[in-house]
Structure formats: C-alpha cells, structure tokens
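All chains are identified by letter, namely A, B, C and D, in their written order; residue positions are counted from 1 within each chain.
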Amino acid sequence: MQQLLEQLVETSRKTTIQGKVATYIPALAEADAAHFSVCLTDKGQSYAYGETDTLFTLQSVVKVISFMLAADYHGLTRMMDYVDVEPTGDSFNSIVRLESANTKPFNPMINAGAITVASMLPGDTPTDKVATVLTFLETLLQKEVTINQKTYQSEYDSADHNRAIAYILKANGYLEAGVENAIQTYLQLCSIEVTVSDLAQIALFFAEDGQNERICIDGAILKVSKALMLTCGMYNSSGKFAAFVGLPAKSGVSGAIIAVVKSGAIEILEGPIGIGLYGPAIDEVGNSVAGVHFLMALVKKYNLSVF
Amino acid sequence: MQQLLEQLVETSRKTTIQGKVATYIPALAEADAAHFSVCLTDKGQSYAYGETDTLFTLQSVVKVISFMLAADYHGLTRMMDYVDVEPTGDSFNSIVRLESANTKPFNPMINAGAITVASMLPGDTPTDKVATVLTFLETLLQKEVTINQKTYQSEYDSADHNRAIAYILKANGYLEAGVENAIQTYLQLCSIEVTVSDLAQIALFFAEDGQNERICIDGAILKVSKALMLTCGMYNSSGKFAAFVGLPAKSGVSGAIIAVVKSGAIEILEGPIGIGLYGPAIDEVGNSVAGVHFLMALVKKYNLSVF
Amino acid sequence: MQQLLEQLVETSRKTTIQGKVATYIPALAEADAAHFSVCLTDKGQSYAYGETDTLFTLQSVVKVISFMLAADYHGLTRMMDYVDVEPTGDSFNSIVRLESANTKPFNPMINAGAITVASMLPGDTPTDKVATVLTFLETLLQKEVTINQKTYQSEYDSADHNRAIAYILKANGYLEAGVENAIQTYLQLCSIEVTVSDLAQIALFFAEDGQNERICIDGAILKVSKALMLTCGMYNSSGKFAAFVGLPAKSGVSGAIIAVVKSGAIEILEGPIGIGLYGPAIDEVGNSVAGVHFLMALVKKYNLSVF
Amino acid sequence: MQQLLEQLVETSRKTTIQGKVATYIPALAEADAAHFSVCLTDKGQSYAYGETDTLFTLQSVVKVISFMLAADYHGLTRMMDYVDVEPTGDSFNSIVRLESANTKPFNPMINAGAITVASMLPGDTPTDKVATVLTFLETLLQKEVTINQKTYQSEYDSADHNRAIAYILKANGYLEAGVENAIQTYLQLCSIEVTVSDLAQIALFFAEDGQNERICIDGAILKVSKALMLTCGMYNSSGKFAAFVGLPAKSGVSGAIIAVVKSGAIEILEGPIGIGLYGPAIDEVGNSVAGVHFLMALVKKYNLSVF
C-alpha cells in the first residue's frame, strides 16, 4: 500500500511543473512548487507520503466545512434562504449575479456564498464564529488547530474585492453580521493551518456522512455538502472533475484538496475513505495540478467514481 | 412492490396541481396535467404504474442520449473540443456566453451545446443523424421508435431563438453541419416519442454503464454523461436536485425524467436500476413537479443518493 | 416673458401626476409631488415661477459639477486615466462593468464614476473635498451654501451598494482616497441644498463655457462636461432626451434638472441661457416628469436643440 | 481655403500609420492604408483634397441614412416601437441585451438596430428596400449610385453573427421582414459605393436639417438622427468623440466618416457645412484614425463643437 502510494505520488509530482504557486498574497507565494503529498485514511488505517509535515492553509477548502457547521446550527431550510446550492459558470469572485436586488449567492463555494455562510456561523464576534470551526477541527483531529496570522494579515490587506461582495450582500439582506465581522471571519477561516493528514481526516468525516465517534452531524447536511463539492467544489473545472474523476472534492488556492470516497476499496483500505492532498503548484483555475492528476489515476485504477 | 409504487405515485400525483403543462408549442399544451406515471426496472424485472400507455416526446431528455452517441462516434477528446462539460447558472436557452468569439458551449445539456452535439451525430442529412439515435433506441427498446411529426412541426415553427444560437455557433466554428441541418436534427430528436417504460430502459442503460447485451458503449463516456446529468440535468434546479435527491437525472419540458441508480436496492429490485417518470405538469424551471417529488421520496426511503 | 413661463410651468405641472417622489430615503419622500418650479437666466436677467423658495438637494446634478472641478484641478488627461467618458446602457448604480480588473468607470455620471471623481477632489478629508464644491458654489451664487444633514444621514445609512462600488474601484486602483472618505464626500455632495434659481445660475456657468466674472474654468473642460450631460446626463433616458430635446442637461432623483442653452433666444433672453428646474415627481428612470415635459415644449417652441 | 485643407489633410495623414485597414472581409483589406481624403461643402461651394476619386463602401455610415428614411416612411413614434435611441457601452455586434424576450435593440447604430431598421424600409424584397436608399442618394447626389457586389458577396459570406442577431430580433418580434431579406438588405446597404464628395453632400443634408432643394425630410427626424450620431455614431469612442470633438458624426469600418456642422464658419464656408472623410486605416474601435485627428484639429481651430 505504502509503495503504491509512493509510486502514484511520484508520478503525479512530475506534473507540478505545469502549475504555479499562487502569488496574490506573499504568504502563499513562499510555498515550494515541487511539494506534493497525499494521505489516504479509512476508519482504521492511514497512509501518507510526501512532505507530510508541511503546514499549509485551508483556503477555499474551509468553505464546505463552514457551510456544514452553519447548516448544523441553522438547519438546511434557513440556510437555503440565504444561499442557493446551484452551480454557476462565473468565476469564484464574481459579483455579477448579486447585483439585482434580492439575489442570493448562487452557492457557498463561491466567495459571495462563503462570506454569507461565514456571517451565519454561531457567535457574535469573528473570534466566536471562527471558534466554531476551530473547535470542530480540534475535536475531529484531536490536536490544537491555529490560524496562520501572517497569511491572514496578507489576505486582510488585499480584501477589497471581497469587501465589495460583502457590501452587496449586506445591501441585499444576505449578511447576518457586519461587513468587517464577516470579512474577518471569512479570511481567518481561510487561514486555518493543517497538514495533509488533517485533510484526510476531514475528508473521512464527509465520507462517513458526519457519523464520527466524537462528532455527529445530520447526514442530510453532509449530502448537501458533498453535492456542493461535486457540482462546484473544483472552481471552474468542477464539471470536468465530476466527469473525469467523479468524486466529491474541494480545492483551495494553497494547493489543498479533500476528496471523499463513500464506498469502494483502495487495496487494504475500505470505504468510507478520506483523501487529503497538498500540492501548491496550481493550474489556471486554482486546483493543485498534481492533486487532480493523482485523483484521476487513483479513481481510474480503483473504479471509485460515484457514477 | 407494485403496491408501494402505486402508493408513492398517488402521493406524488397530488403535487401536479403545483405545476403547469408547457404551452410554448401547441403539441405540448394538449397533455393532461393530472397524468403521472413511473416505471422502475432492473436487469430482470420491471414495475410500472400510472398512465403507462401514454406516448410523449423526449424533449431535453434526448440531450444526454445524443451526447453519448456523438461521443461514441468521435471520442471524448474530440467532443471536448466542441463542447465543455461545465455547469452554468444561465438559463437553458442563453446566448450570452457564446458571444465572445471562440467560446464553446458550456455543456451539452443547454440548447447551445445540444445543437452542437446534434450537428456532430454521424451522417450527412438530418435524417441520417436522427437515424443514429432512432436505431440506438430501437435496438435498446426492441420496438419501433418514431418522431411525433406534429410536435416537430410546432417546434420547427417557433425555432428562431434556437436558430440564433446555431448561427453564433457556426460563426464561432462550433457547428459540424449547416444551421438548418443542425436545427432540424435537434428538433426531430426532441420530438422522438416514447412511453414511461421506454424511459426506464434508457435509464437502465446509463445505470449499467453502457454494458447491455445488445449494445455496448465505453464506460468512460457513460460516466461523463452521468456527471452531466448530475451537474446540469435538471435545468436551473440541477444543484438543488443533486443536493436533495442525489441521482444523475435528465428532465424535459414534456414532463419526462430519467433517473439512474447505480447501486442500492428498491425492495426486490437490485441496482443497477433505471427509473422513468412522466408528469407533464412542470415547475417554473421546467421539471415535472410530481417526478421530482417522487424521486425525493424514493431516494430518502431507500437511501439511494450517490453522496 | 413671466406670463409665458407661468403658462408653460402650469401646463407641465399637470404631468406631475405621472411621476412619483423618490422614496429610497425618507428625506426625499417628504417632498411635495405637486411642486414644480423653473428659473431661466441669461447674463442680465432672470425669470422664475413656481415654488421658487423651496430648498432641495442636488443629488446627481452635483456629478457634473464635481467632475468639472476635479478636472480643473487634475487636467483632463489625468481625469481620463481614472474615468472614461463613454455612455453605457447599464443602470446608474451598476457594478457589472467594473468587475474585470483594471476597468475604469464608464463615465462620471454613473455612481461608480462619480465616486471616483469625489475621491479626486482636492483636499485630504471629506470636509476638504466637499469644501472645494461648496466654495465654487458660494462664489458663483454669492450666498452661503450648506449640506442638508438629514438627507446626508439618510443617504449614509443606506449606502451599502455604493460602498460595494467603492471597494471594487479601490481594488482596481480607481480611487484616490479611502472608501469611507470617498463615500462620505460623494454623499455630502449629493446632499448640497439649493433653490431653482441656484440651479439656473449653475446651468448658466456651463452655458457660458466656464467664463464667469467671478470664476473661470478652461472651456475644454466645460465642453467635456456638457458632452457628458448630453450623452449620459438624464439616466437611462439620456438618448431619448438628446433625440427629442437636444440640450446638455443633468438630472437628480430629488427632481432637480439643469439644462444648458449655448445660443438662441427665449423671448427677451439671449443665449447663453441657464435653466434650472425642480419637480420632485420623477419617472421610472429618475427624471422629473414635469421638468422633461417643460424642456421638450420650450426647445420646440424656440428651436433650442443643439442639433 | 484649399491650401488650409491640404495642410490639415497632410498633417492628419501622418497618423494613418497608427491604424490598420479592416481585414474581416477581403474586399476591405485591399484598401490603401495611406489614403486620406476630405471634402468640405456648404450650400454654395465645395473643397476637397486627397485621393478624392477613390470609391469606397459606406459600411456603418449607411445606418443613419437608412434610419432617417425608415423614419420618414413610418414616423418616429412607430420607429421607437421597434428600436430605442439609447447609447450602450456594448460592442457594435453585441447580442447580450437582446436576449430577454421583448427587448428592442438599444439604438439603430449597432448592428441589431440597423438590421431592424433595414427590415422596416419600404418595399417587399431586398431590392425594393435597398432601392429606397439608392433613390434617395441618387436624387441627392445627382449621379448613379451602385452597390459594390464583391464587397456585398464578401459580407454575405461571413454574416453568421448578423444572422444570429436577426433571428433573435425575429423571435422577439422586432423584424418587419424575413431574416434573409433583412440580412441581404442590410449588407447591400453597407456595400453602397461613394466618394468623399458624396459623403460631404450627405453630411450637408443632415446639416441642413433635411431641407434640400430636391428632397425634404421632417426636421424632427433629422434631429433624432443627429442625436444618434452624437451619442452613438463613432462606435465605442462615441463618448470621447462627443467630448473632444463635439460634432454629430457617423463612421464605418471602411474608413468613411460623415460629420455635420450646423452653424459656424470654416474660412469662406458658412454653416450649414457637410464634411466627408475617407481614411481606411482605422483604430481598434473602428474609426478612421486620420479622420478623427482631422476633425479634432478642425473643430478646435474653428470652434465648431455643438457644446
């Protein structure tokens, strides 16, 4: 198993040269483009290979976690009043569809929807809201989870486009907190630091439909979350990822990806299986090049597509 | 089993009053809004209930069939040069994204993509191209399959918006036939007549990944087709259908739906299972109201979601 | 002359019932929909009729004044680096065209352009920037000019859409001040209070190409300003106003309009003539119904169109 | 006078190297990029300089002529039911704003509006409709006027984008003829051949408000036509042309421009003055580089702006 993983990782690592590390904030630009690591885990065992000790930020991967936790607090019906779950061909930071009054964000995987979701996390202050996510992660991962303050500061200093989105949301009644509160919450969430094993554990929680020995979340919420991952989790390649890979997955510009295998087997691992990947060289839409390559090969070899 | 089906159908039939029969062409407007019928089939057995003898036209359901057959002929790589597989939040007949030169249609489930696909079917004339689909259906269904000429004529007489789409496609190099050829092919395909049992057999072919005793199509094409159904098969409710039902499905404005169950069981039926539904009272986005209601209840009861 | 004005005003006043007072902020909603007053002035004489003592806020009328003063300070070349002078069919508060990075606002008559212009007024604080406009008006009108604080507060409390615009401008590099600074400046400018005679004097300054005994501004700037009034001064009816009236004019949602007659005669008045109008009942695009009616009749009677 | 013209033309000719001849059809690509000719005419005299014998096609210059003649036939009220007169920031061949049902074209200077106008010309066949324009031109110019068949054929062979526009117009009820009829009419109109002196005579007809010894057209129609030239006559630089030149003008991709001087004087010429220009090297928005340069210099020197 470890050997297989090693082989697949090293093959996929060769594709990192086709990607580039995100540079819109300095903190991301410092990542090593040649890094690539993967962790596969089922309930019993875990296999990891690559630069597995590297810490990186969740970035957009957190969007599906915060949606799940906000839905756990408010219920799906109330969530749907604030954010739709429809895919859109627009770019992740688009404002266009928000313009006409009373248009809710199309889904929680684009920035607009994620900012709305951030504003709906329980608690009054950004610290409270972020604590909801940190506590969930610490309980799940059984370790201390922290925010990378340098990344957060970088993000915060170049957040004007997101502030514009937040003001439109507020003007249209789709923000449950002040603009600064929502923006600080959202950007702190993006800056949460994890390892690739942590990603795999998070993915496993989705694969298990939210039924973990330490935390339980309503399976209906998990199904919506995984549908969002499949239909809009991989930026503007979500459709192609669904068609040619076929797993619920969520990526971030840090090069992080979580992918969810509900049933099936990978050698000695038996579904539900969680997969965490980290390869900071990303393609033009924002997905880890090596990560997508690895998943495509893995799914083909073990017939893991949901279709 | 038959009793269960009867009960579920009659419960869902009550929701038909929330929908309206499509009226944009006279031929569709004649349908009976109170009709609702369902057929479930696995490899061995078939259960149907409702107005199961009624013939109706495939409308947009044919889009996924013609995509599959065109891909079978050209291969997925060449198909991807002509049409993307990304969902879009735009309406099914939108032109907007085609405007800038060299933009291929976002996916084959919107009219633009479906017209491109129609133009790519093997054969020179519309008759030849349509024959590809008719022959596939006749082989699969072991019956004669015909085009409803009255519906086709109606569609043809109000096809100017689709002709506009086709001319943009042609101008941008995404049409493999003349405009009239492509339009006639596309509209004849939409006017193919079937029963609800036929729909179930078609759905089963997708559920079996294209491995039927009489016809075989590459499983990779079937996976792409099913991904398209899940991400964009139910018009502008595709995201919500994925989230709250979670099956690959394709609807048409005639009130037809096919839904695909890869694995799982419905009483004595064992996956792969094909589901055909016909309820001409459609909601504001174009999906059969009773059909969606039925599938939601069925999936919940038997835990059939892919997620 | 006075009799003629009286007659024309009373005829146009009848059209006020076709309009409605703006209600998006309480301060505007308090205006009397039946009010309508006009002032015509050339270098020597002035004729006014109607509720000529009523004070009202400039609203969007100020946009052409602040553009002129910012251009006086920076020069037209630098202004053009920050804001284009092209008309757009979009609504006044649209964000759409700003979205792609590095797109400057289409013109200074839409909110986006006006906020950019507000940020470019000389001075550091909103108070300094607003003082530039107040000083210009006080010098021109030879009276004290103030801001209606109640209106300003109302506007400020519902400025989230404008804040969104300002953050996009800032993100794209088209703001020369902080967002709050620009918004406060812009909204204070909109809340400057005048009478209909003041409007006529302001219009005369444009008619005289900026050559007044107390203030002189480069004629090239005045020409650009008047071109902006003609191509985009009357919201989304600017084209129809140019076609059927044919005078440079700028309207505001308070019901204020300034219109500029460069040459020609109205009875004993000789061009350059400035026209001020105030009729708070506005049409669906935001222009005073009676004001537009009056100008159409006047221009026809005295053949005043620039075309 | 002739010397002055010579000097201004030669100065402006130097700017032709900043432009490029249109290449989207072969017939236009054959033009000599170094050509530049101008003709100025008032009621009594005419001065021309440059390659004044060269024949070229009207292209979009015809749009304002066919609008005027269709309005002469139908009246302005009926015209306004079919086409608005509002400028738009979209490109000349945009479809976007037509998409929603019942949206009429924004103005007759963009292709959509011009195709609607072409369909409204009196007569049943394209030949009849085109004859309306040819007869007008022959009466005005006192010479035979013909269509460049080679250019027409070129245009016709690459008209798919325009056909798409026409089909949308037809679907929305804004076409008064069949699609092929309207397209053939429109493209033949674009292919009418003239010289630069002809352009000057046409411009003079607009300057005289349609009151010519041989033809009379209602002045109200002329005013609307000139407003359209000023607000949308120079493609996506119309606003800048209004701001920095300030004359009603209409350009075509052949490098033709007509410009209208209602009052004022150019040496011994007295307004009304018509100006024809031909310089096939066009800028990125479609206007003759030398033509715009010449008009800017002329207007500045003789203070001819309407503002």
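Points to keep in mind about this one:
Note that in this section a contact is a pair of C-beta atoms (placed from the backbone, for glycine too) under 8 Å apart; a residue touches a chain by one contact, two chains touch by 3 or more.
It should be emphasised that the depicted structure is a prediction, and the values quoted were computed from it without experimental measurement.
Relative to the C-alpha centre of subunit A, the farthest chain centre belongs to D. The interface with the greater number of C-beta contacts, when A-B is set against B-D, is A-B. Computed centre separation for the pair subunit A/subunit D is 55 angstrom, with centres defined by C-alpha atoms. Here the spacing of subunit B and subunit D, counted between their Cα centres, is 48 Å.
Subunit A and subunit B have CA centres that are 32 Å apart. Chain pairs that touch one another: A-B, A-C, B-D, C-D. Note for the complex: subunit D touches subunit B at residues 94-96, 99, 160-161, 163-168, 170-171, 179. Those residues of subunit A that touch subunit B in the complex are listed here as 84-90, 97, 106-107, 222-224, 226-228, 230-232, 236-240, 242-244, 246, 248, 262-263, 305-307.
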